[in-house]
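Inspection log for the structure reproduced underneath, given as C-alpha cells.
Read from first to last, the chains carry the letters A, B, C and D; within each, the first residue is number 1.
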Amino acid sequence: MLKVGIVGATGYTGEKLVDILLHHPEVRITYLSAKIEKAEKIDNIFPRFSGKISLVCDNFDLEKATKLCDLLFLAVPHTVSLELTPDLLKANKIVIDLSADYRLKDMEEYKSWYKVAHKDKKNLEIAVYGLPELYRERIKKAKLIANPGCYPTAAILALAPALTAGIIDSKSIIIDAKSGVTGAGRKAAMDFFFSEVNENLKAYKINAHQHIPEIDQEISNLAQKKIQIMFVPHLIPMDRGILETIYVKLSGHKSRKDILKIYQKFYKTEPFVRVYNEGKFPQTKNVLETNCCDIAIEVCEDKKTLIIVAAIDNLMKGAASQAVQNMNIACGFKEDTGLK
Amino acid sequence: MLKVGIVGATGYTGEKLVDILLHHPEVRITYLSAKIEKAEKIDNIFPRFSGKISLVCDNFDLEKATKLCDLLFLAVPHTVSLELTPDLLKANKIVIDLSADYRLKDMEEYKSWYKVAHKDKKNLEIAVYGLPELYRERIKKAKLIANPGCYPTAAILALAPALTAGIIDSKSIIIDAKSGVTGAGRKAAMDFFFSEVNENLKAYKINAHQHIPEIDQEISNLAQKKIQIMFVPHLIPMDRGILETIYVKLSGHKSRKDILKIYQKFYKTEPFVRVYNEGKFPQTKNVLETNCCDIAIEVCEDKKTLIIVAAIDNLMKGAASQAVQNMNIACGFKEDTGLK
Amino acid sequence: MLKVGIVGATGYTGEKLVDILLHHPEVRITYLSAKIEKAEKIDNIFPRFSGKISLVCDNFDLEKATKLCDLLFLAVPHTVSLELTPDLLKANKIVIDLSADYRLKDMEEYKSWYKVAHKDKKNLEIAVYGLPELYRERIKKAKLIANPGCYPTAAILALAPALTAGIIDSKSIIIDAKSGVTGAGRKAAMDFFFSEVNENLKAYKINAHQHIPEIDQEISNLAQKKIQIMFVPHLIPMDRGILETIYVKLSGHKSRKDILKIYQKFYKTEPFVRVYNEGKFPQTKNVLETNCCDIAIEVCEDKKTLIIVAAIDNLMKGAASQAVQNMNIACGFKEDTGLK
Amino acid sequence: MLKVGIVGATGYTGEKLVDILLHHPEVRITYLSAKIEKAEKIDNIFPRFSGKISLVCDNFDLEKATKLCDLLFLAVPHTVSLELTPDLLKANKIVIDLSADYRLKDMEEYKSWYKVAHKDKKNLEIAVYGLPELYRERIKKAKLIANPGCYPTAAILALAPALTAGIIDSKSIIIDAKSGVTGAGRKAAMDFFFSEVNENLKAYKINAHQHIPEIDQEISNLAQKKIQIMFVPHLIPMDRGILETIYVKLSGHKSRKDILKIYQKFYKTEPFVRVYNEGKFPQTKNVLETNCCDIAIEVCEDKKTLIIVAAIDNLMKGAASQAVQNMNIACGFKEDTGLK
C-alpha cells in the first residue's frame, strides 16, 4: 500500500482527494494537513467522512509529512507549493502539486501573472505537466507533477486534436469558458456568497485570467509555434462543472465528418476522453463526479469555423481525479484505479 | 418632501430600502451611510441604481445625518442602534430602527440573548414595536419605531387571530421556520458561501434563535399570559423568502371553516395580510417583492390541531417594506404609499 | 385611460405584462385571454395578483377583445399571432406582437426557420421592428409592432454602435449567449424540469437557433450589407437574465477609450441603455426587473479584437417591458412611464 | 454473479440503481426496461454511462425478464408493481419493489390512499417491509421486499429508538418534512418546472401525503399501539435530500444525555445510521450520495419536548441504495457491498 498525504485537505479539492483516495485500493491516506486554527479530526470537519476516516488534520509539519508518506498531494494556493516542494523532493517523496507553481516553464511569465518571483528553477525544470493524454510517458518517471488547472484541462484537450492535425488557424482561438463556483476554492470572499452568485451571471477577468499563459504554453507546444488565445471566463450559479465553447477558424475546408474522425482517432485509446457523435453535445451533468472530459464539435455551414464544446467536472478531471490519475501513472497502478 | 437617511445602506436591507424609497412619492433620500472603507457613490456600489441615485455613501456622521434628514432608517447590526439612537432622537429626528436593539422591552432578556447590556432604558420605554397590524395607533405618534424581525413578523401575524380569539393552547406552539439566505445579512461568513448553501438543507440554532424572545414577548401580550414557543429555523438554498409552518393544539373543537372565519375577520381591513381560502397554501414566490404576509390554515381531522402556514419576503415585510409602512403611518402618508 | 388586453396572459411574459401594466398610470387592463381549459380569474392563477386585479382569463374571443380594448399585446407562440393579427388590425386596434411572426421581413426566411409558411404579407410590410433605440420614429406611427426576441435585443444593442461606426469586420461576429430558463417559456418539457436544469450547464441549438435570422436582418440593416453571425446559446441554471459575450475583429486599430466614446455617444440620450465605464462589467443581477440593457466593452491588447458584454432581463427588456416601452412610444406617453 | 434487472430504468431511482449496481462486485445488470417510445441503449439515454454499460432499454417483457434475471428491482409507479410482481414471483425471481404497492399491510388503507383496489392479497402477506434496521432477519429470507418510501425511511429511523424505549407520548408526533425535487420522480409536471421550484418554497399535501399510512403502520408496530402522526411535507429548491424535523412530547422527564444514550445504543451496530453527538446537527449534504441516515436530537429546556432531526439522500437511503442494501441481505452478500 502506498502511503499518501494531502496538504490542504480542507479545501474543495483536498476534500475531494480524500473522498477518491478512501476508495482507492492501492493507497492508504496517512497524513492530512491544512492551514487551520487548531488540529481537528477530518471527520469532524467533514461529517460525511465519519465512519470512514478519522485522521487528525493539523498545520503542515515537514518531519511528519516525510516520515508518514511516500507521496504528497499539494492542494494549496500558489506560492505555498514553492515553499514545500524542494524539501519534499529532497526527502525523496513524489509530489503532485495541484497549485499553479510548477506549471509555467517560463519564470518570467509566472512572475507577470502571479505577481511573485519564482525561485525554484531547478525543480521547475524537472516538473512534468500532468496532462496524461499528452504527457503519459513523462509522467511515468516523474517525481514532481504539475497538475493542470481546471480551465486549461478542458481547453487543451478540446484543442489538441485540431492543433496536432494542423487544421486550424492558431491565431483565431477564442475560448468562452463557464465555471461553477467551487472553481474559486473555499474562501470566504463576498463575491462567492450565496446571494451574490445565485440567480446571477457574469463575465470576469476578461482576457486577464491567470490560466491563460498555461493554455498558451501547452497549445503552443502542440502547434509548435507561439499562440495567444482570447479567453473570457464566466461565473455560473452552480457548484461544479466547467463548459468551454471554443471558436476557431479552419485553415482549409473540412467537413464535420472529417474533423470528427480526427478527434475520435486522437482519443481512441483514452479511457477518460469521450468524443460525442454528431448532433449530441456535452452537459456538465454528464461528467459530474467523473474523471471524464466530454468533447463535441460542430462546423459552420461555410466550413470555415469550427466550434468545440468541452465539459469537465472542475473538482475531478479539473483537479482531484486527474491528480489521482497522475499518481496511478507515476506509481505503476492501472490508470483508472479508483476512478471508475 | 420628507428628507430621509439610511444608515447601513450597503446591506441587503439597506439596498432594498433605497430601492423602495426611490419610488416613494413623498420622500427624498438625502443621506446614506455605511461602515465602509472609503466613501463611494451608491450607484458605484450597486450599479443597478445607476441613473436613479448617485448619492455618496460614507461612514456615519451625526452632524450630517441630523442636518440632512427628518427621519432615519437604521439598517445596522444590533448594538450599533444603541449608539446612534439617543443622539438622533435628541436632535428631534424620527428613528425607524431595523436592528433588534429596541424590540425587547425587558432589558435582561436583551442581555441574555444578545450578550451585551442594554443601556438606553429611557428610549426603550418610548419605542413602539412596529407591527402595524397590531400597533397602528401607537405607531402614528411614535418617534422611535422598533421594526420587527423577519421571523417574528410572520409568526406573530400567523398566531395573532387564534391567540386573540382564545382558541388555542398557548403552551403548545411549535414554529418550524424556513428562510432564504439573505435573512443572515450581507456578511462574508463561510456558512453562507454559495457551495455550502446550494443543494443543502439544515436546521440551525434549534430552540436557540435570538428571535424567540421577540415572538414570546408579542404573543404573550396578545394572549395576556406568559408564552414560550418552540422554534426551529432552517436555512433554505434560495435568496429570499420565509415560510413558517406552525403547529398548535386547539383548546376546543373548532372546524376549519370556523377558524378561517376568525382569521378572515381579523385581517379584513388589512391591506397587506392575505388569508387564503380553503385548499390553497402560501408559497414564498407569491409574496416576493411585496409587503404582504400570506396566511393559510388547516385543521386536522380530529379537530384538535391547527396548522398555520405563513409566508413573507424577509427583505420586504420582514424588513425594508415594513419599515416604509411604519414611516407612512408615523408621517401621516397613505399607508400603502410606495408599497403597491 | 388606454384600454389594453393581453393575449397569452398565463405565460411568463404575459404574467410580467400584467405586473407592469398594473402599475402603469395611463392604461387599464380590460381583457385577458390564454389557451386555458376553463375560464379562471387571473388572481386565482397567480395568487400574487390577489387584491390587485381579478379579471377573468378565458380563451381568446375576437369580439370581446375588439370591443374591450384599444391595444392588444400578443404574448403567444409563433403562428398564433398570424391568426389573430389581421382581424385585430382590421378592427383598428394597435397590436404589439411579442411572438416572432412579424419580425422577419423575408417570408422565405420565416418559413425556413419556423417551418410554416407566412401568409400575411400585407401586414408584414407595415409591421415595425420594435427596438426603440433604432426605430423610435417609426414606432410612433406604428399600428403593428413586432417586439424583438430576447437574444436579438441584447445582440443588436451591443453591436449597433460598432456597426454604425464601421469599425468592425462584419464577417467575424461571434455571439456566445447565455440565458436563464424562463427564456424557454412556461411549458412542461422535461428539458426544463428542475432536476435537469439545476446544477447543469449546456450549449444547445448550436448555430441553429431561430433568433439568428432576426439578428442577421437587423445588423445587416445597420451595416448596410449582408451579415451572418455565429451564435451559440447556453442554458444557465437560473430563472431570468441574458448575458451575451460577443467577439468581433476590429477593422482598424482602435483603443478601448476610442470605442468606449463611440458607445457612450451612441447611447447618450437613451434612458434604458447603460454603457459601463472602463473596468466594470455587466451582471444579470444589475438589470433584473428593469428595462435596461447594460453594455461594456474590452479591447484586446493587440487592438485587433473587440469583446462586448451585454446583459438584459429576458422577461423585461427582452420581452414585456420593451413591449410597454413600445406602447408608450406608439401611444404618445412619456417613454419611461411605468418602467422606472 | 447474480443477474439483476431494473424495471423503470429511466426514472431518477432507476438511473441511480444502474449507477450503484455497475460498481457492485457481486452482480451483473442483465436486463433494463422502462416505459419508452422506442428501444434505446441506456448510455444513449444517459450519456454519463457511456463506456460503462450499453444495454438496450425497452418496454417490459416478462419472458426476457425472467429468462435473463435472478432478481428484479421494480422502480415503477404504484399499481405497475401489482401487475408485474405475481408473475415474477411465480417464475421464482426475487423482487425488490420500490413502489408503494406492497408496503401497506391493510388493503383498505391502500385503496383509500392510492385510489385503486389492491388485488394481490397472497403476495402482500409474504412481502417484507425492507427497512433493514428493523427487519433484517425477515429480509434474509424474503422473496418479495417492499422497499420503504423516502419520507418514511427517515421518519421511522428517527422515531424508532424513542418509541421502542417508550419515552414519548405517541399521540404527539409532528413531522415537518422537507424534500428536494427528485422526490417527485422524473415527470414533466409544471409544478416541477425549474422556474416554479427555483427561489420558491411551499408546503404541500398538508396532512394528506400518501406516505402517512406507511409511517403510521410502522411506528404503530414499534409502539405496539395505533399511532396517527401529523405530517407536513415541503418542497425545497434543490435536487436531492430529505430533512425531517420531528417534534414529540416526552412522557417523562429525560435529559438530552439520557436520550442520546438510548439512540446511540439502538444504532450502535448499524453501519448506515449515524447518531450525532451533542451540538451537531445533520445537513443533507452530509448524506448526499450515501446510504446513511444521520440523526440528531435536542431536548427543550423544560425537558418535555424532544426534537429529532434526520437527514437522508432521498434517492439513496430513501430509494436505490436501500434497495441494494436489501438485496445484499436477501442474497447473503456483505451488507455494505457496493455501498461504501
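We adopt the following convention: a residue touches a chain if its C-beta (ideal position, glycine included) is under 8 Å from a C-beta of that chain, and two chains touch if they have at least 3 such contacts.
None of the values given here were measured: they were computed from a predicted structure.
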Chain pair showing more contacts of the two, A-D and A-B: A-B
- request: Taking CA centroids for every chain, report which one is farthest away from chain B.
  value: A
Task: Could you put a whole-Å number on the gap between the CA centroids of chain A and chain D?
output: 37
- prompt: How big is the gap, in whole Å, between where the Cα atoms of chain A centre and where those of chain B centre?
  reply: 46
Query: Among the residues of chain C, which ones contact at least 2 other chains?
result: 196, 198-199, 237-239, 283, 285, 288
Query: For chain B, which residues count as touching chain D in their complex?
result: 174, 176, 178, 180, 196, 198-204, 206-207, 228, 230, 232, 234, 236-241, 243, 245, 247, 281-285, 288, 298, 300-302, 305, 307, 309, 311
Statement: Within the complex, chain A is touched by chain D residues 23, 46-48, 50-52, 198-199, 271, 274, 276, 280, 283, 285-290, 294, 340
Field: chain C contact footprint on chain D (complex, rising order)
entry: 12, 181-182, 186, 188-190, 192-199, 237-239
